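In what follows, structures are represented as structure tokens.
Each of the next two complexes has subunit A plus one more chain, namely subunit B in the first and subunit C in the second.
== the complex of A and B ==
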């Protein structure tokens, strides 16, 4: 009897702390406390400032590893010709281009004898709330000769209020974007809404490291090295300070996995890369 | 150089406006959008809001929407 009372109390306090932590994500800008309405504007400023050096900084901060992580993400997606894919917070197009390349090479190899006109065209939508990031992406597309390619569609939009129809996407990816969203649960709900039945959800995000010693080294690198790199290369220490702080404030792997499940997804799994520096969460809408 | 490429981007954008209206929905009402060639925008008739298209990129962030007057003139959203 006493045991059951105890569990009910801990459940209640767990619900309260869960809601409190969601609220705390919505009102945290790195380690600072901000008003909920302010957060997206502050994040917007960060990305407007870093847009032009975003790709270079990624290479420097991760020693080029971010490329491998994105390859792994796209590998897990298993893109196919004719798919409708949505890449959210994908501004500069890293993930979108990889999906495009994957689809087009498979298509070219496998479909030499098939009437290509009968196949629906692949559509990769790149959605980002920041126009500067999208412009960098569009420019990169133009540099690759993909300026007029109908497969890549660039849209400015909010992850919490997507402008795509229900059950319209075969795949949804968000790489290094979800920790910048004010209300994670809204972004997850929207992801669930736009995916078709059988659609895959994939999230690549900086996450939490638990391994002793490595954790301390990683913290040292994050807080001592990265803001200095930001100042040196992007001329913007504060934005990169925000970046490393926002990683610490983001829910750890297990809790984020639970949030994905709460949004309605099934088969929620995650894979840690580099000891948890990065995690790929995946799920399916059934 | 940058200015030239921006002009090129703009021209490329005009061609795909029609395809966009078939795929995108209003982020607020989730209802279909209508392309308005005159104002270069996507209109959500259900709630009377128009979203701009800049450099071929539709701006469908909810706070960027402009509430339309009854006679069709665009005015700044509050």
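== the complex of A and C ==
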């Protein structure tokens, strides 16, 4: 019965959301309709609240799978020494640390001819709109002994208005962040702006499941289990309710791929992981 | 017939390679190909694709397609192969030459294999062009034509010979085998086509398999050949081609031999059957084995 109620509610709000997206004065905050100006504030509150238990909640919600997803993302990126990379909405640094390790790993350096100079030129910028998340990230860097490492740079900024120069980045990643921005098109346009020619855009995001039985199970898990976990572990049911609702509101894989293409990117592809629970979209700026 | 099939299979790769030919020719062949590639120097690749964006200003050049960029990067990477091998580093150096971020290499499927396969395609195209632009084959007997074609093709690999074993091992990876096999099949096909072979029966497969074998063994022999101008490799090649043609003769002889035997056996079998029939008819159905 809970599922039936849910589907009626989602259907109604889905119709509403499509109409709402045509006039861009209202936007979605989960299943609620809110004014645009408010969305970033509300999102900000969510992440301020969850910052300290963000990593633990990720592990619990995805049963540790989020690590594999991020590994896959970085694997696809194929980082190289001397690259300038921007990780947006990467507050706690998961993706950034993986890229750093990939570039600096001793095994990799032994296998390939890398000169020390280009190794030092590597710059990984971690940009997040929320200072609390950045602080968690900086703390984790310090724990790893990377506090003073020049390669990792923590920047506070907005995905829709980046403070970086045009054509300055070799890579751009955004992991589990793009559904939180108010105007996805702006974020994509900014990504296009800062990337160099040949630069790659990679987006890891929770996405839509179409497989019949699995879809129902996933919905059950999302709406029944996760908010309760949020309450139990992070003490914040509402933030996690927002989280699962925002996943449902995010465009499905094909439509998001089209949006990326509209921003000017070439070779837009996506890969579904776990049947569509997570999707990695990739594209190149040419 | 084969060439149109080849073009269909290779698709855009062939057409773009015409524009880029001038960058990958080993220096010894520029004189031969100058005439045909004069008009195809490195012009800005602006006519391949229409603008895909909407509402672009007229002064922005149309966005190049990904395959084109990939071809440009791979073509530029070949210059670095002698030094860096068939590796991502060579491709990153190539991308820097073209003015594109090295990140693009991360998006090539099966990275090093992309470079090797590009090279194989380019060499095939070069071979076809050389045959078209009048490689002298008329005055030679078939076995000599085959030798000459293989020699022309293998000489294209000379600038990369120090790193060629790496290319072979890349081609042998299970993931890459389908494509490398297809490329070699097309190469062998083109060679027979150039020789003037029109067979379409079982012979077709036999011919291509045998030629494939000759080509591969010569290729591997060349890897360890130190003689000046690879003289020993060409001698080896001539011997193998002779063997192959001798093999053909031996197979023919074996066929005739089998036919003769078959005829002999057939006669005696027929005699046997006649005897059986007679026995059956005279004894009226009560047959007895008369062996």
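Definition applied: the second predicted complex is superposed on the first by the 247 of 286 C-alpha atoms of A that agree within 3 Å, B and C clash if a C-alpha of one lies under 4 Å from a C-alpha of the other, contacts with A are read in each partner's own complex, and residues count from 1 in each chain.
One rule holds in what follows: contacts are C-beta pairs under 8 Å (C-beta built on N, C-alpha and C of every residue); 3 or more make two chains touch, one makes a residue touch a chain.
Predicted, not measured: the structure shown is a model, and the values here were computed from it.
Q: In the superposition on subunit A, see if there is space for subunit B and subunit C together, and answer fit or clash.
A: By the criteria stated at the top, subunit C and subunit B fit after superposition, with no clash.
Q: Between subunit B and subunit C, whom does A:266 touch in the aligned arrangement: first, second, both, or neither?
A: It touches subunit C, and subunit B stays clear.
Q: In the superposed arrangement, does A:147 touch subunit B (first), subunit C (second), both or neither?
A: first
Q: Look at A:183 in the shared chain and tell me whether it touches subunit B only, subunit C only, both, or neither; answer first, second, both or neither.
A: neither
Q: Looking at the overlay, what does A:123 touch: subunit B (first), subunit C (second), both, or neither?
A: After superposing on A, A:123 lies in contact with subunit B but is clear of subunit C.
Q: Going by the contact rule set out at the top, does A:155 touch subunit B (first), subunit C (second), both, or neither?
A: After superposing on A, A:155 lies in contact with subunit B but is clear of subunit C.
Q: According to the stated criteria, A:197 is in contact with first (subunit B), second (subunit C), both, or neither; which is it?
A: second
Q: Tell me which partner A:166 touches in the superposition: subunit B (first), subunit C (second), both or neither.
A: It touches subunit B, and subunit C stays clear.
Q: Who does A:135 touch here: subunit B (first), subunit C (second), both, or neither?
A: In the superposition, A:135 contacts subunit B only.
Q: After the superposition, what is the least C-alpha distance between subunit B and subunit C in whole angstrom?
A: Nearest C-alpha atoms of the two chains are 18 Å apart.
Q: For subunit A, which residues are in contact with subunit B within the complex?
A: Result: residues 123, 125, 129, 131, 134-135, 138-139, 142, 147-148, 150, 153-158, 161-166, 168 of subunit A touch subunit B.
Q: Flag every residue of subunit C that touches subunit A in the complex, lowest number first.
A: So the residues of subunit C touching subunit A come out as 53, 63-66, 69, 84, 87-89, 92, 95, 99-107, 111.
Q: Could you please specify the touching residues of subunit A with respect to subunit C in the complex?
A: 76-80, 83, 112-113, 170-171, 195-200, 264, 266-267, 282, 284, 286
Q: In the complex, go through subunit B and note every residue touching subunit A.
A: Residues 5, 8-9, 12, 15-16, 19-20, 23-28, 30, 33, 54-62, 64.
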